[in-house]
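In what follows, structures are represented as structure tokens.
Here come two complexes built around chain A, the first alongside chain B, the second alongside chain C.
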Partner chain A sequence: MTKEPVAVVGIGQTKHTAARRDVSIAGLVREAAVRALEDAQLTWPDIDAVVIGKAPDFFEGVMMPELYLADALGAVGKPMLRVHTAGSVGGSTALVAAGLVAARVHRTVLTLAFEKQSESNAMWGLSLPIPFQQPLLAGAGGFFAPHVRAYMRRTGAPSGVGALVAYKDRRNALRNPYAHLHEHDLTLDQVRSSPMLWDPIRYSETCPSSDGACAMVLTDRAGADRAPYPPAWMHGGAMRSEPTLFAGKDFVSPRAGRDCAADVYRQAGITDPRREIDAVEMYVPFSWYEPMWLENLGFADEGEGWKLTESGVTELGGDLPVNPSGGVLSTNPIGASGMLRFAEAALQVRGRAGEHQVDGARKALGHAYGGGSQFFSMWVVADTPPAG
Partner chain B sequence: MREVAIVAFGQSDHRRDTAETSEVEMVMPVLHQVLDATGLRAGEIDFTCSGSCDYLAGRAFSFTMTLDGVGAWPPIAESHVEMDGAWALYEAWTRLLTGEAETALVYSYGKSSPGDLREVLTRQLDPYYVAPLWPDSVALAALQAQALLDEGDTDQRALAGVAVRSRTAAEDNPHAQLAGSPPPEALLDEPYLVRPLRRHDCPPVGDGAAAVVLAAGDTARRLCRRPAWIRGMDHRTEAHGLGVRDLTRSPSTRLAAERAGAFEAPVDLAELHAPFTSQELILRRALRLGEDVRVNPSGGALAANPMMAAGLIRLGEAAAAIHRGAADRALAHATSGPCLQQNLVAVLEGDAS
Partner chain C sequence: MTPAPSPQALQAPLVVEFPFTRSLGPVQSAFLTGLRTRTVLGVRTTDGRVLVPPVEYDPVTAGELSELVEVAPTGTVTTWAWNPSPRRGQPLSTPFAWVLVRLDGAHTALLHALDAPGPEAVRTGMRVRIRWAGERGGAITDIACFEPYEGPEGGEAVPHSGEFADPVTGIVAPARLDYTYAPGRAQSRYLRALADRTTYGERCPSCRKVYVPPRGACPTCGIAPDEQVEVGPRGTVTTFCIVNIKARNLDIDVPYVYAHIALDGADLALHARIGGIPYDEVRMGLRVEPVWSEDGRYPDHYRPTGEPDADYDTYKELL
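On to the complex of A and B.
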């Protein structure tokens, strides 16, 4: 059975910021959705279904908010699905939406992910009252810092690599008008001397807390033919999950991530991702995850990822630009962060990434992860339709 | 459209309080029920999808714990909806339709016992204009029931009749939380809970879990003697604001049923997710169900209403009736949100025997 090819024809996002006090949750998501529709030159009646994702409901204090958001997203009388797969949710949501088109259940689907962290407090949302188990220790940074330390020990990476990632991503963000952090005067020395939060992760090497939303319009071949701007074509997409904790789990390079990447490359016919992929938007909430994911995703051999970062390969002008948008380190509306990676990858191959466009990008990877490095979702998009 | 069927269904015993078991302990036996029924191991399933709600568990990322019960190692292709498991089944169904998977495991669960469900569900409402007033789920259902009674086509005696029929039917359902009922006359002597609803008009609050296995084509025939083929499935939502809806009608159910092909031929059984007696009457009208259709022989949500699982159980009960030859063409319905805001309809058929 052949699947319907899936095209991204509309992308919209909000200006991400610490607190969007000027809009409600409904206003926030609608802003991104309307921009995606405008990009696709479509209107609400053109949308057959809505697939929405976000991280835990406690982050806003609204239970199953998609019910309340049905009106704002033009979903009345339409199917509406709500996905929740931890930090990978933005990517998973896009994949569920793509599946509806691929299965020919619907022709044109609006998919959207958001977080309005200012409505609540994510730190408390993750801090559970007794008697419940508290899996994330002192916030996400406290959970991930030991895994960064393990990576450094395992690979012998010099301690300054993390700061290079943070400095690069924050500089890239200056070219992205939607990015939350625009630190015009930031210097590498300031990153290196910023306060130590969770050793070895410093303040400037962590993601911010953002309000923001991202939306995409996905459609079939006929829909792509009518699109006003070049579409991005999906060449592969996959999700993989593994348990949070178990004896033998490799937190530095989880197998679920490797398996997920292998599945996506197989679908996309990619055998040498380092050469064949022109731009990467990966989920890097703490700086060191760039070299770690470079290895996990097959862009570098085990123990070699930090060398790509250190030698400038992942810079905007390098030959494998990573997070040209500024990434999660510059913008983190948690539930939307994964979809932003997917959308930014699509913007690159559509040639619509503006100031942070990678010259000649034809094939790009969008990557998201979540939970205790256990949920992964990825897609590969390209500027031409998949073969067949 | 690719042939996809429900080939196995399992559920827990639904109980008011299961403080002695965690969610994962509640889910695991149910997963094993459906895996054993098909002879599949977790690692042989191509896609897994679950439905649950953090607000019931009282913690963020609650579904990560039950994933341990699945045994996701080596890593599995897996997804989760913050919705009733009926919608997890829908997502899994679309995955099978693409041809990317031959089999899928779907499960869902909810424990309402740790909190006050009526208060918890108020957090589902518009957070700026409605939730601050804390209108609880029974009060909102009472508004809907009153609107229906005001229409004049039914009365409280008819509502009691729904409760009696459902709970009498549940006497044959070993998993039901409530079974058996006094006659309608006795029920109508009871005080109101929230006027015009009495306790018998409302679902029991409780804990429970359910799971199904989906399979495509010949795989389904191999795993199940009489697969319950999904001939159509669709879901629709309505506006959230109660003031802009006609609460006596369910246009989203009607539309979903049309899209699912429910009206193309008569059904002989319907499993409706109607937590309140008045909602069954609204759904019957939306679905054009005649008196000849058996409705909720399982007892329905009035006999057991585990949040996030009760909708999936409707699909499972309808499929199980087909598996055992007790139905040939069945309709299953699931709902979510206040006053039937969001509705899913599936049409299941067995091969001619």
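On to the complex of A and C.
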């Protein structure tokens, strides 16, 4: 029996910001969920199951938030699942929800991911001194910066490419009313001269810390027929994982990422992603990850990713726009960041991305990664249902 | 080949704690602020029931709830469990009963502590009232506990605006987990050898890769290595960053260099600090050796050996 086609008919997100002190965690997720329901013109009884995701519990110190959030998300009397895959969780949560529809377990599923970073300190709250080990803490940027240096060495990329990415994404964010950072007066020179935090990563090349949530309503073909606005259709979805550290791990271009991309393209019948995909929302928490992932995801040959960035291909007006929403560099509620990539890809093919719409986007990739580059999740969505 | 000995594994306490904050939102804010003034608020659901403590969303209809009501400080125990040995942070330091109390005017029960001389003094259906804390700041602990009560019943819930001067909008919720950390046999062997300034890795019998620190299993092959291999002490900086942000609770001056170092003979890099050279002169390929502190279990940092830099091709697979 073939799979049920999966359609995205509702998308909602909060206005992301540094601290939403006016709402509880329940109030935060509720906002995104209500907006997704409104977009789909559905009500709580139309939802058959709820699948939520967030980063590790210790980011906010709420053990098993899925229990506490059941009533806020209308899940009472329905199945409710929680997905855990670190920073990629927003993507894998959407894929678990999509799997329930594709397998005809449920017809209409609400999926949601969130983070209220202001309630904790993700940078140091998780950097714990482990007995018998030398205390050597460098934070998330310190973990990823050496890999950026390795990428620069391996490819010979000029040192200014990262600033181009950061400047582009922050400019794109000005077109996205939900983005956290709206730096109207930011100049490329300011990015280039911003403080060096973890050399070679500068302050303006680093993602912010955000409170926010993102929700989607996924449904079957019959649900899509009833939807008031054009749906986005899932053409492929894949996840891959690998250990954080192992002999032979390629941190610059992890095998799990390459394999995941190959799988999702195969499902979607894509043989030349550079030509066939119209818009990309990829997880870029530090600017240099754009050229790194361009190679890992098959948009450029090894060592060539930075050339796409440098030549403007990834700008909103380029022929492969990357992160038209402003991306993780402009908005980072960690648990939600992956789902935002998936949702923004869907908004593009639905033609509902507003000011950051990519003209004529018919096929888009949403990408998330997490942990020490060990979890990957991706989907390809399009404006027409998959064949078959 | 040296079969690995299996000495006693190490263990040590590990405390995980963080003072999380909570934004309360309108309903919880009113509830906790009310307690500060000895007012217990509930919320009325779409079908007319009164939930205490109040919740923001209707558990039946999922609708948003905002109709606040005040209930009595007296109520009835609906069920209970005796706690013979209270722990740190619990409401009372002497043995007490955990009780669910349905306050007069409410349809649901609130979890709290009942001060009673012994389990024989507690029963389902018994009448109790709130004993207020002397100092109240807008927290559930403003209710010190419940105590037995023989007076008249409180009436129906009455409407309340939920408005107070200077409302509590957030709380601090400290979380603390006490673990006993056990690094395991492989790590214990490694740590004991380190104390003698010897660095051991383990070689996977299948893929032949040498892991430092050892983990007791090869993450690629899933096989327990049976061969210890001495590695280092020298190694090569494969990549690094310069850290300019001072870490909380870490006594290292910035900037410092956080480097990935492939010890000679190891098949993946470990992470360590580089010293003995200006931070802006550290480079990929730099040859380094450990510097031990007086009583250290591990190298304090690594410093240049003075050897010529390693050729990129010798370590590019270890990046």
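The working rule: the second predicted complex is superposed on the first by the 381 of 388 C-alpha atoms of A that agree within 3 Å, B and C clash if a C-alpha of one lies under 4 Å from a C-alpha of the other, contacts with A are read in each partner's own complex, and residues count from 1 in each chain.
Note that in this section a residue touches a chain if its C-beta (ideal position, glycine included) is under 8 Å from a C-beta of that chain, and two chains touch if they have at least 3 such contacts.
Quantities reported herein were computed from a predicted structural model and do not represent experimental measurements.
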| item | value |
| --- | --- |
| A:Arg175 touches, of chain B and chain C: first, second, both or neither? | neither |
| First, second, both or neither for A:Ala102, with chain B first and chain C second | first |
| Which superposed partner A:Pro200 touches (first chain B, second chain C, both, neither) | second |
| Chain B versus chain C as contact partner of A:Pro146, first or second or both or neither | second |
| Touched partner set for A:Lys307, first chain B, second chain C, both or neither | neither |
| Which superposed partner A:Gly371 touches (first chain B, second chain C, both, neither) | first |
| Partner chain(s) touched by A:Phe246 [first = chain B, second = chain C, both, neither] | both |
| Touching partner for A:Ser24 - first (chain B), second (chain C), both, neither | both |
| Contacts of A:Met80 with chain B and chain C, given as first, second, both or neither | first |
| Set of chain A residues, in rising order, touched by both chain B and chain C | 24-25, 58, 60-62, 71, 76, 119, 125, 128-129, 132-133, 135, 243, 246 |
| Residues on chain A engaged by chain C in the complex (per definition of touch) | 19-27, 30, 44, 58, 60-62, 71-74, 76, 116, 118-121, 124-125, 127-139, 141-142, 145-150, 153-154, 195-201, 243, 245-252 |
| Parts of chain C lying in touch with chain A, wherever the complex brings them together | 10, 12-14, 16, 18, 20-26, 28, 55-62, 64, 169-170, 173, 175, 181, 183, 187, 191, 207, 209-211, 219-220, 238-245, 247-250, 252, 255, 258-260, 267-268, 271-273, 284, 297-300, 312, 316-317, 319 |
| Touching residues on chain B, where the partner in the complex is chain A | 2, 48, 53-55, 57-61, 63-65, 67-68, 72-83, 87, 90-91, 94-95, 97-100, 120-121, 123-128, 131, 234-241, 251-252, 255, 336-338, 341-342 |
| Contact set on chain A toward chain B in their complex | 1-3, 24-25, 55-71, 75-86, 92, 95-96, 99-100, 102-105, 119, 125-126, 128-129, 132-133, 135, 238-244, 246, 254-256, 259-260, 371-372, 374-375 |
